[in-house]
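Chain nomenclature is as follows: A, B and C, assigned in order of appearance, with residue numbering initiated at 1 for each chain independently.
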């Protein structure tokens, strides 16, 4: 399908653009390791005083941290750079170029910028995940691996939808330059299992800023804690959220182009 | 009669803008009560463009040129009025429509910053689904016309402003659009580059017959490129006709340039003296009196050379702008 | 005095800007509230699981600690490092360099005036969190009084250090990495992640020798009544020493930075 070819072209060009900046790679290594150390050191301090956090043992939380870093990498590779670029293009007026192209603008806007070095976080996350699972002594069976893959995909779709909605809101709220920071601030909560948070916060982390579906749920799939209601909810929400941002986007575009309501 | 490429009727765009005064109290007040004002950016513009025409939209900043252009390219919904471009309604943004138009904006880049322009072109190629053969040929033609050769391999960030503009233009023409919208394309460029770009579009229009609509507040752009000029002021169409008619209609004076040995004292008897230096005198003479004045000059003074010119276009345009907007007699011959 | 006028004018500008960008402000506050909140919940969980207290902190003590920390962190907060990175990128740094007054004053004024608007928000949040998490706070009158200069000095110290580090923007556009390193160190060594007494003794010694503790943890510990009078005096002394050191650092870095900047931009 030509849409896939388009996506591949954008990806290829994006990688080309970034790959020449080898310094960025070194910096990414530094930052990723720093993030890793922070997460694991925090873990170490907490688990020096207890064996269980919200019902999760140390290696399970380590697996969670692995997923946290992994999903962070997925976001950092394409979702975040593209959405940041989109918000900037609204401000600079270069969105007009995108809108005069004979291609679905939502697609163009979502794949326009790629930060390939963030891919390191994907690798790092998988690494941490692997070590944690090994220490858990879990043999990750096919069922769990597939469940993990599906939950990860659902989580990624939900996160993408959320970022897109946030970014589209900038059509209305021109002066919120840091609107995307909402997710990044709240994402921090994903480093710990969502079960430790009081009900009202857990609600916020599930349905308002979908951190739970991004991080905890895939981790649950892998450590055998996933139950059917949660899995179905994740898939259901992902499906729903592939429609909602589209509607928000359409409305946002109408607003941008001054269509009467 | 072929269908017009562009047709507008009573095109209007109204904005509501919030306004606020300076000062602390007003700032806090604005939290509670927003004052808004209606701005008629475009107010009932009607015109038609035949395919292959090159038309200049002229007007001061804020006149409504760019707003009109954005409505024509589908970026803005009109508040009122009818509008078709190539038979399509622009704001519907049919893929078919978008494939046949292009937009070039001065000082705004669509090329990816860090990679060679040639790679950015690949993106457009993928977006417009251009077959390899067509793409290569178009690229070859554009490279030749714009003299792009060595530029294509350099990362865009390493190009000078003018070189970047050339690449931007090439990128926007890869899909051989039938209608080309240019929004202040030469702004910020040096004089040589401005001339090159004007020459390019003139040749492009001749070769490929694309309809070109250009907005500018540089008179030179319009003078060099457009036979037809549409003057917009405060959202209204002030003049629609060829440049010569514009000059004729709006000037009441001619400029008489006389070369003498020295500057005589009684020069003002012949007309308004604009300047006189080393015997080169410039006079401003009412149109009707020009024949009489020139005759007298030739008879009375030792004239070495004498020419009668139209006043500079800038002056004409300024005068047009200074008029109150849109009275029926200001509409020129289309 | 010209300086007072500068502060006044800067106040007004910042206030107006803040009202315009009030939504951005709320988002910024959100981040400032979430981090201590998350650690509050984590440590409460640990405390409950361990039978009600950990390292001398009960669940209620943890709540008190992190709520006070949130307020102190906010009061001492600066964003100057990002601001400088932005300015160097946009080329607006020269405007500050051309003024007859040292640019740090405008930055201080901007910081303080922003806090005039945001502090009520943080205090309100602290109140709400107190209702939810029921902190145990034993306020001893003298600590409450001494708390104020402790916070003031903590702010001065933090601002001077971060402002000096912000000058790194003169040398490199990649200050984000430097910033990150600084903030990670701050996270562990200033008490933001956990009360410093919960860390192994080696880390605690390191923390005592670095300025981070005196930027945030010290006033917090003070208000919570965890410090003896002697420890309090030592704390103030440490703050004073570090302030002097950072003033020296600031001078060196500023001079060097200006030299580099004028050489590059000409």
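Note that in this section a residue touches a chain if its C-beta (ideal position, glycine included) is under 8 Å from a C-beta of that chain, and two chains touch if they have at least 3 such contacts.
Bear in mind the structure is a predicted one, so any value in this text is a computation, not a measurement.
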Would you identify the chain whose C-alpha centroid lies closest to the centroid of all protein C-alpha atoms displayed? A
Compared with chain A, which chain's mean CA position is the farthest off? B
Averaging C-alpha coordinates per chain, one finds the centres of chain A and chain C separated by a number of Å equal to 29
Separation of mean Cα positions, chain B and chain A [Å, integer]: 46
Averaged-CA centre spacing for the pair chain C and chain B, given as whole angstrom: 54
Considering chain C alone, which of its residues make contact with at least two other chains? 20
Within the complex, chain B is touched by chain A residues 2, 5-6, 9-10, 13, 16-18, 20-21, 92-94, 96-97, 99-103, 108, 254, 257-260
Using the touch rule from the top, collect the residues of chain B that touch chain A in their complex. 13, 15, 70, 73-77, 79, 91, 93, 95-99, 101-103, 105, 108-110, 112-115, 119-120, 122-123, 126-129
Complex contact set, residues of chain A against chain C: 23, 27, 30-31, 34, 37-38, 41-42, 45-46, 49-54, 173, 175-179, 181-182, 184-186, 188-189, 192, 196-198, 201
What residues of chain C sit close enough to touch chain A in their complex? 20-21, 23-24, 27-28, 30-31, 34-35, 37-38, 41-43, 45-46, 49-50, 54-55, 132, 174, 176-177, 180-181, 184, 187-188, 193-194, 198-199
